[in-house]
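See the structures that follow.
Two complexes come next, and they have one chain in common, chain A, joined by chain B in the first and chain C in the second.
This part shows the complex of A and B:
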């Protein structure tokens, strides 16, 4: 594997390689040595968490990072092309981690440079490292990715994170419950894909409707801007807030996940239940990104 | 031929897909990885888009070839990544108002075209009396019928509301859209006699936002009453776009309305004189928004060039119209896609697939197996500064003069043949472009 651009490029075996590598690193069974490695973190769009997570992961492996933020104070402001900026950074660094707002730019970058490129989010397109850390969180809590009952709640229409997650899990025979207001439902092209792969899903309107059947509930934010009418938002909002009182009948292995930041879609009284997993999930992001560096920079031995 | 190592913008995705595209007999035969063929075009590191479809151009041939002819106009198209154009019926002599005129035009233009083309028929004030017969005879050959609610052309007069209603009803029977230039004639004619100064501000006052809004409201009412397929060309203001958005009617806008406003017009002068004129600041942002949201259907250039001599006149006398074919895609790529106003899919829709669908263009509008291999190869790593003097069009004055773009059109392919190469120039023989009947 030379790059990590899109979950759709990955085979099931490649996904499992990332999972196993992350697990070994977490348990201390694998210590990839990145002492002489330098990651260039090119963040054309702000993302504090993703940036911290990539920087932390490299530093924990003994490597270094350099960061370019936005286009301020850089040669991009002077009219240097994106390709030239990439080429130049590729002379310094061993790997490029790229975040932009422009769809397809990560794949373009991978064409331009000879060193590995990791897509840390390109516009409405893909965010594969988030998907991998979500999968790692699922496998850690459930012991497997196969045959799980997964609820996905919130803005399913525009949420790139949930689209990536649904695509990546579809290799593993899941059953989905899609929970959202009717106008923020999963896009039909994704549902059509699921139908063609014989993957079961149902669409629900209340977050606790079939919560007792779930292994994982993945909650995302419903943004106020999506609602034409503020009253509609206030009304709809309460249907998508997860509260402690809803957790009475859930399975023991049930876990609540969230890509963070949370606003109020998970009530804070859920935080100290055994089902809350979102903060550990963020920690898993570091193991996953360590695994990504290890796989792409030859650190598996 | 095999296009090797393409980063292709395929329909439906949010990403370019690294693939090879195999072309056989002018069609896309296969899209995959590691394909092979005896003839290879390696495009590594370059993006491949479906060829642009520009459904609103005035190539002026025959009759007004001092402004453009079908060879120079289709060369301009090729250089702009445009692989199909639809030519307007009004700016040629004779105008395309009868089947006989259409045949005469085809005889003149077919030997000159280097990209594929379709034609509109037109219903003018002069030809209205015979519209029933003309629409019946022309429908097989034309993509729609162009009409004006106000016209500055002696050879192609406008229609009134009663006449437009009748044209809508008849076109509906033949399943063809009616296109309308919508500005209000009574408002504008009075304003033209009001004695405004011969200046940009004076010209604008004869055709402000309200003149467009009045006409779009009327046209939409007529369309919705008749249930006909109406399309509003070159929407230039936010208010008119809002009416289109809330109606069953479709609409297009042009790059110049997305980029310029009245303040720019004051600075640039006649090289930005278009009809309808660009509007007050604040409109263009909303036009972008409507375009992004799908409330305006696509972008067309209204390419209407003229030699500098016709543009270098006072604002009231100067020719109204600008060349657009050679800058439209690169502009939309930079100002739309790179500025995140349009996602990749929306870029494909507004430059190609929506017009293919609207105007019944068979096997056009997307990179997919079975379609014509109409492709635009884009080199994102070349910078380009617009210089109208280098245009293939006879219109050399452009309001986009000196604009800096990231990326440049590297090659344009029509049905698998390279018709334009940035290094070499035009590579197609006149007459290689095909006339497209609607399917």
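This part shows the complex of A and C:
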């Protein structure tokens, strides 16, 4: 594997290679040595969490990172083309981690440079490292990715993270419950894909509906700015807030996940229940990204 | 009353006949072929057709279309039929086939797609779906072929 651009490119076997590598790194069975490696973190769009996670992962493997943030003070502002910026950084670094607001930019970057490119989010399109860390969190808590009952709540229409997650879980015969306000439902092109793959799903309006059937509830933020009317937001948001009182009948293996940052869609009284998993999930992001560096930079031995 | 049989478009000696073009799309088909202007071209629009009710037809004299050119017609009118004529006879009938990858011909409708921001050519992949759809290789958005603008 030369690049990590989109979950669409990955076979089930490749997904499992990332899972197994992350698990070995976490258990200390694999210690890839990246001492002489340099990752260029090109973040045209702000993302503190993703940036920290990639930087931490490289440093924990003994490697180093350089960072370009935004386009201010960079030659991009002087009119340098994206391709030229990439080419230049590729002369310094061993791997490029790229986050932009432009869809398809990572695919293009991979065509331009001959070092590995990792897509750290390209606009509303893909965020494969988040999808892999979500899958790693699921496999860690459930022991498998197969045949799980997964609830996905929040902004399902614009949420890139949930699209990638749903798409990548589709390989593993899941049952989905999609919980969202009607105008933030899962886009029809995704639902069509699920229908054609014979994947069962239902659309619900309340976050605790059928919660007792779920293995995982993946909650995402419903952004205020998606609502035309702030009053509508206030009214709608209570249907999507997960509270401790809703967890009375859930299964023992049930876990609540969230890509973070959380606003108020998971009440803080859920945090100290055994079901809360979102902070461990963030930690899994570091193992997963260590695994990504290891796979792409030849650190599996 | 039976209609007298009549030739509305002249026969050609050598060249290509593109028949059964969806009514009204002949001009688009002609555009996509990017002819150099030297050929004699006859166009029939809204001709009577037993099979389709009405159809468009194009005859291009002294030009044999390449398979790439033929396949690009499929993007506009997938059911068109292409016949190569030699010495007034049918020399070859060509089956239209939408190519697996379509480069440059389609502009990605997604304004946030890199192909609309950097100066790079578009690239679409035909999807395996029953409806004829293409997916942008870059932004990964999927479009029905009827909904995208084909560059001409």
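Points worth noting:
Methods note: the second predicted complex is superposed on the first by the 301 of 301 C-alpha atoms of A that agree within 3 Å, B and C clash if a C-alpha of one lies under 4 Å from a C-alpha of the other, contacts with A are read in each partner's own complex, and residues count from 1 in each chain.
Heads up, the rule we're going with is that a residue touches a chain if its C-beta (ideal position, glycine included) is under 8 Å from a C-beta of that chain, and two chains touch if they have at least 3 such contacts.
Just so you know, these numbers come straight off a predicted model, no measurement behind them.
Following the overlay on chain A, a clash is recorded for the pair chain B and chain C. Shared-chain residue A:107: touches chain B and chain C both. Once the two complexes are overlaid on the shared chain, A:146 sits clear of chain B and of chain C alike.
Once the two complexes are overlaid on the shared chain, A:189 sits against chain B and chain C alike.
Once the two complexes are laid over each other on the shared chain, residue contacts for A:232 go to neither chain B nor chain C. Of the two partner chains, chain B is the only one that A:84 touches; chain C does not reach it.
Where the contact sets of chain A with chain B and with chain C meet, they give residues 6, 81-83, 101-104, 107-108, 122-126, 189.
The touching residues of chain C, counted against chain A in their complex, run 110, 112-115, 117-118, 120, 129, 136-142.
Only residues 5-6, 79, 81-84, 101-104, 106-108, 111-112, 122-126, 189 of chain A touch chain B when the two sit together in their complex.
Across the interface of their complex, chain C is touched by residues 6, 8, 81-83, 101-105, 107-108, 122-126, 189, 196 of chain A.
Within the complex, the chain B residues that touch chain A are 5, 7, 9, 12, 14-18, 44-45, 47, 337-338, 340, 343-344, 380-383, 404, 406.
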